[in-house]
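In the two complexes that follow, subunit A is the common piece, with subunit B as its partner first and subunit C second.
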Partner chain A sequence: MAVKPQVLEEKEVYISPYFPEYVRPKIEDPGLDETIKRLTPEKIEKAYQAVFGKETARIKAIIETCIHCGLCAEACQWYLSNDRDPTYSPVAKVKMSAWELIKRKGKVEPGLVYHIARVVFTECNICHRCSLYCPFGLDITFIIGLVRRFCFLLGVVPQRMFEMNQAFMATLNQVWISQSDYIDTLMWREEEGMYELKNLRVPLNKEGVEVIWYPLAAEPKAGVYHIDRIAKIFQVAGVNWAMVTINDAWDSSNMPMFTRDFFTMQRIVKGLYENAAKFRAKKLVLTE
Partner chain B sequence: MGFLESVALYSFLRGPMVWLAFIIFIFGSIYRIYTLINLAKKEKVVLPFINIKAAIKSYLHWLIPFASRNWRLKPYFTIFTFLFHTGLIFVPIFLYAHNALWYESWGISWWTLPEIVADVWTIFVIIGCIFFIGRRIFDPTVRFVTNYADFIFVFICLFTFLTGFLAHYQWVLPYKAMLNLHILFGEIMLIAIPFTRLTHMYYFFFTRAWMASQAASWKTKDW
Partner chain C sequence: MLGYKELPFEIMHPGEFYYELLVSGRLKIDPAKKIKEPVTLQDPCNIIRRAGAAEKFRYIVRQTCENFIEMYPNREHNFCCNAGGGLAVLAQWLSHKARGNRVKVEQIMATGAKIVITPCHNCNTGLKDIIGYWKFPVKLMFLDELLVNTMHIPEELLPEEG
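Then we have the complex of A and B:
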C-alpha cells in the first residue's frame, strides 16, 4: 500500500524574481537572509572578479562547450526526486548561477546573490554524477564549487554550513573538541575497550607506525564507541598503528571543502600530512 | 529574386567567400585550440593530471552509439544525434557535388557517396534537426536552459542541409537561387564554428579528457 505523506500546513512559497519557474518553500536562514543585507555592488563585483575575473582553461572550456542539451538532468538526485522539475537539473543550476554572473560580469544585486546561494548550497551535493552523464564530461561540480566560493567570499552561506566552517577555522575540527578533550576521550575509550579485549591499546603519537587513523570529529564527540571498535580491529589484525593528538590536526572531515574555503581546506590537509610525516607513518586511514 | 539568382552573387560566394570561410574556419580553430591549451598550461592541476589511456577509452564510449549509460537511457536522442553528427561531417566531405567543386578548382578529388546514400543521410540530418528543435520547444527541462543561440545553431545546420537538398532536386526555388542560399549557409556554418559553442566539435576532446582523467583517479568510469 502506498503511503501518502500528509501535508500539515500550506507553506509560504518563494518565487525567484529572476527565474519565475523557480518556486520553492520559503525558508528562514540568517546565513542567507541577514548576510545579503550587508552586500554592496562593489563587494559583489570584487568577489566576482576574485573567482571568475581571470579567465582559466577550465571555466572557459566548460562554459563555452555546454550545448544546453539537458542530458545531465538524468543524473541528478534533486531533479529525479522532484518530479523532474526543470529548475533542479544540473545545467539549470549553472544557468541560474554561473551563466547569470558571467553574463552580468558580476554586476548583480543582493537579491540575485541570495537566489544563487540558495541554489548552489541547498540544491546540489557536489556529487559529480552529472559530469558522468554529460556527453562532453563537463565538470559542472567545479563550476558550482566556484560559485560557492563566490558566495563564501561574500559571507552568504547557510548558517549551519558557515558555523561548521567556523569550527574548523578555530579548532581544525568539526565540533569544537579541544586537545585535552580529545586525549581524554581516547584514553577513556581505551579503558572501556580493555574490559572486552585484554591489553587493548589506543597508541597515541607513536613514531614509525604502519598506519595512522584519522577519525571524523563526530566519532570522539558523538560516536565514541567507534574508537574502541576500530582499536580492537587494528590490534587483533596485528597492525602497528596509532592516533595523533598533536597540533589539532586529526579530523579528516574536510568540511570547508563544501564552502570552498581554500585557506582552511589547505590548513587541514597540510596538518594531517605534516603529522603523518612527523611520525613517519606509511599509510593513512580515514573514516568516510 | 533577381539578386539571389545572380551570377554576381554566385561568383562572390564561390570565390572570395569560400576562401574567407575556410581560412576563418581553419585558422580560427587552430587559434581556439592553441589558446585553450596555453591557458591550461597556466593551471597547475590540469595538464599533469591528464590520463591519456582513460581519455581514449572515454572518447570511444561516447563516440559509439549506446556505449555509454546515458546514450542507453535516451535511445531516440542517441539515434538522432549520431545520424545528425555523422551526416554533418561525412556528407559534405564525401558528397559528389562538393567533390566536383574541389576537382574544378584544385584538380583533386576522392571517394564519393552514392547519390541515394547522400540523399537519405541528408534527410536524416534534417529530421535530426527537427527533433532537436522539437525538444527545445516541448521538453520543459531543455526549454528552461535554451536560449536563442541554441535555436540558431540548429537552424544553421537545418538550412544548410535543406537548401543543399532542395537545390539538388531543383525544388521550391530556381536552382541558382537555392544554390546561392546553400553556399551562404554552408559558409556561415564554417565561420560560426570557431566563434560559437559549435567549438564543441574540438573542445569535446579536451573536456572529456579532463573528466575521464578525474574519473580514472577516483577508480570509476565516466560513461
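Then we have the complex of A and C:
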C-alpha cells in the first residue's frame, strides 16, 4: 500500500565526505555538531584503544567471519523503508563505523566521528532482527553497541539521548523526579483511586510481598493512569504487591544501556535488585 | 554484579505476569466487555525476540479481544517500532525516524486493525511518531489498559454510591 508523508521535509542535504553514497537530510543536533569541535586525535585514539584496543575474540569473530553477503539488509526496517538504499543496510552501518575505525586503527578525524555517531545513534535500533537473518548468526548489534560506547566515551551523543543519560547519572531516573515528589504522586493516586475501586491501595515499601512493581519514571511524571491501572488490576486479582521509594532506585527504564554507559547502567540495575532483595519480593515486575 | 547471578526473585514483564494471573484464574475477563474492534499486536523486540514472550501476549489479546488480526511478519520476525535503542527520545530526528519506518505503517495498514496493542513504552512512542507523520487512523493501547477495560470486577470491590 502506498502511503505519502504529510510533513515538510528538511531542505539541506548532508553528504558524507568519507562515503559519497551516504546522502541524508541535514539535521541539527548540538550533541553531535558541537561536541566534535572539542575532539583531538589523541582523545579519539584513547577512546578507540579503550573499546577496540584489546581485540577480544568476540570482536574478531564477528569482524572476520562476516563475508559481506548482505542478507542482513532485508531484515532491517530502515533499509526496507528507504527504498532499499544500501547505505541503510546493517552491513553498511558496520562498514561505515567499526570497520573504518579498525582499518584506520583509531586514527580518524572528528568529521568521521560525526558520521559514525550519526550512523550508530540515529539509524540503528539495536533490535537484533539482522542477527536472525545472518547466515552465520553474527551479533551485528554487538558491534554497533561497541561503536556507541566509543562515541559515548568521546561525548559525541545526540543531545536528547545524552541529557537523559545525565538525568540518570544524577537522580537514577530519567525525568529528575525527587523522592518526595514520587511519594507524593503515589499517595495522590491512591487517594483518587478509592473513588473508582473500593479500598484501592498503592502499598509503599512493604516487606515480604509477592510482587514489586517498578514503574517507568515518566509514569509518575506524565502518565499517572498507568499507576492507577496497575493498582486496579492487582487489587482485583488480589496480588500482594508494593512499590519501592527508597534509595532512589525505582525507575526500571535503563536508558544508559543504549548509550553504553556501563557504570550508570550497573548502578541502576544494582539498585533495583538490592531494593527487591531488601523487601524479599518473589517477583519483580517491570513496567511495560 | 556476580553476586546477582542467581537471583532470589523472578524478573518479569507485566505481560508475562498478566498471563500468569489469567491462566491461574486470579483475574477473570468479563465476556460482555470484550473489545469488538479489530486489533493487532506490536511485538516489542527485546521481550519477544530475546525473552520469548510472544505466545503469552497472544493469549492475553485473544482473551480480551474478539477480533485479533496478526501483523505479517510477526512474533520474533516482527519489525522494530523504530523507537528502540534509545531513539525514542530523539525529537530532532522525528521525521528522519518516521521516514525510516514506512514498513511498519504498511504492515499495520495491511491488517486493517483499528487498535494496535503496544506492550512497551518505547513501541508506543515509536508508533505515535509514525501515526503523527504518516497520518493513518489507528489507536494505541497498552496491555494494562486492555485488561482494566475488560476485566471482571467483583461486586464487593465496587465503590459505594454517594
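Here, the second predicted complex is superposed on the first by the 278 of 288 C-alpha atoms of A that agree within 3 Å, B and C clash if a C-alpha of one lies under 4 Å from a C-alpha of the other, contacts with A are read in each partner's own complex, and residues count from 1 in each chain.
The rule is short, and it goes like this: a contact is a pair of C-beta atoms (placed from the backbone, for glycine too) under 8 Å apart; a residue touches a chain by one contact, two chains touch by 3 or more.
Keep in mind that what you see is a predicted model, and the values were worked out from it rather than measured.
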Subunit B versus subunit C as contact partner of A:132, first or second or both or neither: both
Subunit A: partner with more touched residues, subunit B or subunit C: C
First (subunit B), second (subunit C), both or neither touched by A:50: neither
Which superposed partner A:222 touches (first subunit B, second subunit C, both, neither): neither
Which of subunit B and subunit C A:281 touches, first, second, both or neither: second
Which superposed partner A:91 touches (first subunit B, second subunit C, both, neither): first
Subunit B versus subunit C as contact partner of A:230, first or second or both or neither: second
Shared subunit A surface residues [contacts with subunit B and with subunit C]: 132
Residues on subunit B engaged by subunit A in the complex (per definition of touch): 36-37, 39-40, 42-43, 46, 58, 62, 68-70, 73-74, 77, 135, 139-147, 150, 153, 197, 199-200, 203-204, 206-208, 210-212, 214-215, 220-223
Subunit B contact footprint on subunit A (complex, rising order): 21, 55-58, 60-62, 64-71, 73-75, 79, 84, 86-87, 89, 91-92, 95, 131-139
Residues of subunit C touching subunit A in the complex: 1, 4, 7-15, 17-18, 21, 26-27, 45, 49-50, 76-77, 79-87, 89-93, 95-106, 109-110, 119-121, 133-136, 142-145, 147-148, 151-154, 156-160
Residue ranges of subunit A in contact with subunit C within the complex: 1, 3-7, 9-10, 24-25, 27-29, 77-78, 80-82, 88, 121-129, 132, 158-161, 164, 194-199, 211-213, 216, 218, 225-226, 229-230, 232-233, 235-239, 253, 255, 258-259, 266, 269-270, 273, 276-277, 280-288
